[in-house]
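My questions will all concern the structure given below.
For reference, chains read A, B, C, D and E in written order, and residue numbers begin at 1 within each chain.
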Amino acid sequence: MLIGKVIGSVWATQKESGMENIKLLIVQPIDSKGHPLIAADRIGAGVGEQVLVTRGTPAHTVWGEQNAPIDAAIVGIVDSLEINE
Amino acid sequence: MLIGKVIGSVWATQKESGMENIKLLIVQPIDSKGHPLIAADRIGAGVGEQVLVTRGTPAHTVWGEQNAPIDAAIVGIVDSLEINE
Amino acid sequence: MLIGKVIGSVWATQKESGMENIKLLIVQPIDSKGHPLIAADRIGAGVGEQVLVTRGTPAHTVWGEQNAPIDAAIVGIVDSLEINE
Amino acid sequence: MLIGKVIGSVWATQKESGMENIKLLIVQPIDSKGHPLIAADRIGAGVGEQVLVTRGTPAHTVWGEQNAPIDAAIVGIVDSLEINE
Amino acid sequence: MLIGKVIGSVWATQKESGMENIKLLIVQPIDSKGHPLIAADRIGAGVGEQVLVTRGTPAHTVWGEQNAPIDAAIVGIVDSLEINE
């Protein structure tokens, strides 16, 4: 998984039917300058929050809707991180 | 998922049978200089439009045709983005 | 797989139900400056230890819980490495 | 998918049984300096040709042989590209 | 797939049960400076040899043991490469 900060939202009217009613958030991985990614969210994450994102088939499997075309999903809102380098 | 801009099209006559009748668009991810990718499209995206792309097995699964050899699909045409960094 | 060093932990209360009781560790791949990743652990790895991490669907499959939304898992604690470049 | 140029071939005698009779070509992605990849080919692509490559599980699934250990396959020979940046 | 050079081995006693008896080799992809990866081997590759590595679910599927937590496997020992850039 990766940790990222929610920095925004995306809206699309013309889309695959499986995308209906899926909230799409823009997430900036905390450890990289480029490449924000778009993740589906049903936990209720908001802009500015640190979130845990799962990608690939595991994200699609957990979402549980066969025709939901998602390859990234927010699976937790981070309470705290402890780093001891 | 990622967001990219449609910058062109690809045509191939000699191909896997599962590729028949699949429209292939060239998509430049909005946040990276290199590596445009090729995505299947059945939503009707056009050159210049911002699109939402799903990759890997979720893209193949959503396409719904077992022998369609695709690993990236356009799943939405972006209406708007809201970013609050 | 990749080898990384455990550098910390992550806690999240608001999360997918499948995430309950899963210990999440922050792992810094030994060969790259950026991009630490978050991996599920049930072997008992601790901060400072070198671990073997499996990613993607194989990690999800091995975890064995269909609705555990994980895409990276610690699958071993490294005893020793032998490198002959 | 990605587009690349076929720049060579690979031969291996000692291999997984599922690799028998699979033609392996070296493909240089057209948009990146490093990282050529090895792709299975059954379409008959030749050195110098531009090809369309599918990767990951979709490539394995389309190949249709359960024990063929491939994670990249050539799925088309490019006739033409049209780019309007 | 990718081609890499075997540069060493990894040992782990504390590990997922599915990892028992799996030989783990350190492989340096021939075309990139960083990021060696760890691949399972049952073909008998040795240090210094050039090998063909398959990654992701295809590697797990080919290995054939459902609970073997591997995401990379050596699937051939390279005899020869022919490159015509």
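Just so we're on the same page, contacts are C-beta pairs under 8 Å (C-beta built on N, C-alpha and C of every residue); 3 or more make two chains touch, one makes a residue touch a chain.
Which chain is which protein? Per UniProt: A, B, C, D, E = Ethanolamine utilization protein EutN.
Not measured: the values here are computed from a predicted model.
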Item to check | Touching chain A and also chain E, the following chains | outcome: C
Item to check | Minimum number of chain-to-chain contact steps, chain C to chain D | outcome: 2
Next on the checklist: Report the inter-centroid distance (CA atoms only) between chain B and chain E in whole Å.
Outcome noted: 31
Next on the checklist: Report the inter-centroid distance (CA atoms only) between chain A and chain B in whole Å.
Outcome noted: 19
Checklist entry - What positions in chain A touch 2 or more of the other chains? => result 56-57, 59
Next on the checklist: Touch as defined at the top gives a ring of chains. Read it off for me starting with chain A, then chain B, then onward.
Outcome noted: A, B, D, E, C
Checklist outcome for this item: In their shared complex, chain D is touched by residues of chain B numbered 7-16, 18-19, 24, 26, 28, 34-39, 47-48, 56-57, 59-60, 66-72
Checklist entry - Across the complex, what residues on chain D touch chain B? => result 1-3, 29, 31-32, 43-44, 52, 54-59, 61-62, 64, 73, 75-85
